[in-house]
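Let me begin by handing over the structure; questions about it come next.
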């Protein structure tokens, strides 16, 4: 929303939903899903795209006016990731990079050592680094300390749709973070995205949950509303959890109203 | 949404969020929260309202064009509830009733025996009965069998903000229900409302989560978006949950795209 | 344990694990599993057993000195259940009855109305009634009020192995109960049984979790230890949950020890 | 149990419960709790103990015949931890070390980078290294790869009593581990310990849950039983989780029994 923007490395976005493009059944569906999502920033795997080719996903993003966030998916070492990020900067003219350095193909979990190493190098090299990380509050802090512009912890493995397995860790990360915290990976449905925002995330990044849904365009719309709902709920200040019932309309509530009017 | 309305006893609503009025800090805040929620149907406790008095919550609802759903809050027996419903029908000119028969003041949990008894009587008497019930799939079925127009199971005790404690029961209720299932009680924040819809609820009823939030108007807006998000997500068909990672952009996904275009 | 017995309707048991017999691959395995479980009370479905036949499960129980708890599994109405209980009393010479009145064969969930009706009748008829109920705190209270000797809420559907879906309801039931609360149905593994006891249950009833495990005798032993563990933990008074870390060996702990000795 | 020992770096233990000593109200209570726990291996913070002093916790362990596992609690860098481990080896004559390198005093969460560095150094130096780590499957693998004799992931922060926040990560760690996985930190009560074992942990390490319980000796006994229960349940092979009911004593089960005998 315009009065409550997301700020990443000096850039300002009114949408807090960052989309990925992988898994879409067609470019046409992808385009409509991106529009429905309201996203202003979308990530593309540099190792899988040829920026010089027409008709690619990059063309779609350009047509829609969506900013490209190149990512280093498919990199297993800091060296590969740094190289990929530099090629992306050259090809796309952006210093933004979603930094992914994964440990293996089966889990696609981040390699904490390689990730931190690559993040430090890329920050020193002038990049605005958005690292995909595990949900370890200590690693999140280290990534911030080396200069990352945000931290992007996973809720659960990429594509698993298991949501946020450890909300407690997200609370710990958010409490201590001086940069935006963005859920990256794991969201399966709308309530996952809303929960991320309620826990204090500044945004949500997702791909499969939309592109592989039975109806990607509907799900994109769902995720847009969910992120907004969660953000508003966080700002609104939820009621405390209580063990016992608390009547919505107790007698003691009356005092706050005009005594001329009946209680309700 | 207009193309996907909620139908209750023959009436059609484009909003799937049913509001309550209890707990609001003032009539002014209540009014703004109701507007922000987009609700078209709002429940009022008949035992706590005098319909003849000016400046009441009923005036607010009339002004906003929101339909009144009288409820029997504060009734502990079938007899009390039936009497209250009849008085409401006479006073307000509606055959709708949100039927509440609770077992005690501390938990405000429904009394299954008295509830079923009252429901049967009121259906026979021509009411459109919307019963507040526990999350027992068997009782939900019995309420439907005696002619209720919906079933409204609780997610957790009224005002507890504990969300849906037993999603499995909601799945069982929804699978077998031939009438709309509406979450009634327990929602504490936006993701709770979204989850209810994802589980197949046709709507969400809440009061305290909005009226007692630190910022009721913001939370009303959050809940409106959350209900829409959850409904869209249900319709969209979420991805399955997987134990392992599933890359958003695997090689095998390429075949579905034009081979002239690079995979993404 | 001998110093902390379970008391049901005046009878005293040192084991808090009530077993069922259904689902065992053979009578031999059943016998060994019952021994491993340490159970002193085991339920048998009267509608599926012929007490006059040799070589039956009843023979096994007699041989092991395990008390028989006849149950009314397979009954769908109060009338059927009452009749079955009376036949069981006559055949087996016990006034104990595990009262089951289910709503349908698919879910095997209790029918709250028929159950309460049957319970009242059987109590009046001199039975010691142990009702299998849902996890509704209100129904639990009503069953106690009509004179049941215990209440036996389900954690999740019979045979589902889903554990205790709604621990909050168990807390509410236990807080208000004046009779023993026994988990009946849903336990799938040892931690489920331990949790039940930690929540304040006086015992655990299970069948499938043992009889259908890959190794029933090992699982019987697991359940025996789990029930004991959970009971001890309840009595021991667990540490409170904390959001943050709390060092096991902080400096401030030293004061309680002899200053001559180093802290640890 | 004797037929199912825990093997750590060539040593064999019949107990799978590793105790800590911090937080005990007195040495007498500690001694009785250790006995009740059945532990054969107990960790002591080297930075808080003076091995030369009489009447210390080390005396208690010697008296009980419990093996000492020195730990490096209070170390914030690899260098500190390595030094502490070496001093411990010299003082206590053991090459076992529970390696802790934490990031800060508030969360006591492990520092993944310093931890891995220290582990590698200590393994090269001939230690049998048991590292306290976060629940990241990738870091667990790296620790194994540098030669640790086990990995000891936390369930939740030390002393929090929050149990295992992310069972899914434990499953991932166990699936891929070639060394024992031991829950370290987070267990609050018996069911937490049982769950750890059911997830495939080879052992449970805990301190506060026992030493700070209202009745430490009872809780030690509870934990002993819980670890045994969870281990047995893992070995027994639990029933699958089902959405719907599954009768314990269905008709189709009869065929497996002697047709001369009634089904049960």
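Each chain gets a letter, A, B, C and D, in the order it is written, and its residues are counted from 1.
Quick note on the criterion: a contact is a pair of C-beta atoms (placed from the backbone, for glycine too) under 8 Å apart; a residue touches a chain by one contact, two chains touch by 3 or more.
Predicted model only: the values in this text are computed from it and were never measured.
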{"item": "Interface residue overlap between copies chain C and chain D, same or different (over half shared)", "value": "same"}
{"item": "From chain B, the most remote chain by mean C-alpha position", "value": "D"}
{"item": "Rounded Å distance, chain A centre to chain D centre (Cα mean)", "value": "35"}
{"item": "CA centroid of chain C to CA centroid of chain D, Å", "value": "30"}
{"item": "Computed distance of Cα centres, chain C from chain A, in Å", "value": "45"}
{"item": "Residues of chain B whose C-beta touches two or more other chains", "value": "107, 109, 162, 168, 243"}
{"item": "Contact set on chain C toward chain D in their complex", "value": "20-27, 44-45, 48-50, 53, 55-57, 73, 105-109, 157-162, 188-195, 197-198, 207-209, 211-216, 218-219, 221-226, 228-233, 235-250, 253, 256-258, 260-264"}
{"item": "Residue ranges of chain C touching chain B (in the complex, touch as defined)", "value": "103-104, 107, 109-113, 116, 134, 136-139, 141-142, 156, 162, 165-166, 168-169, 172"}
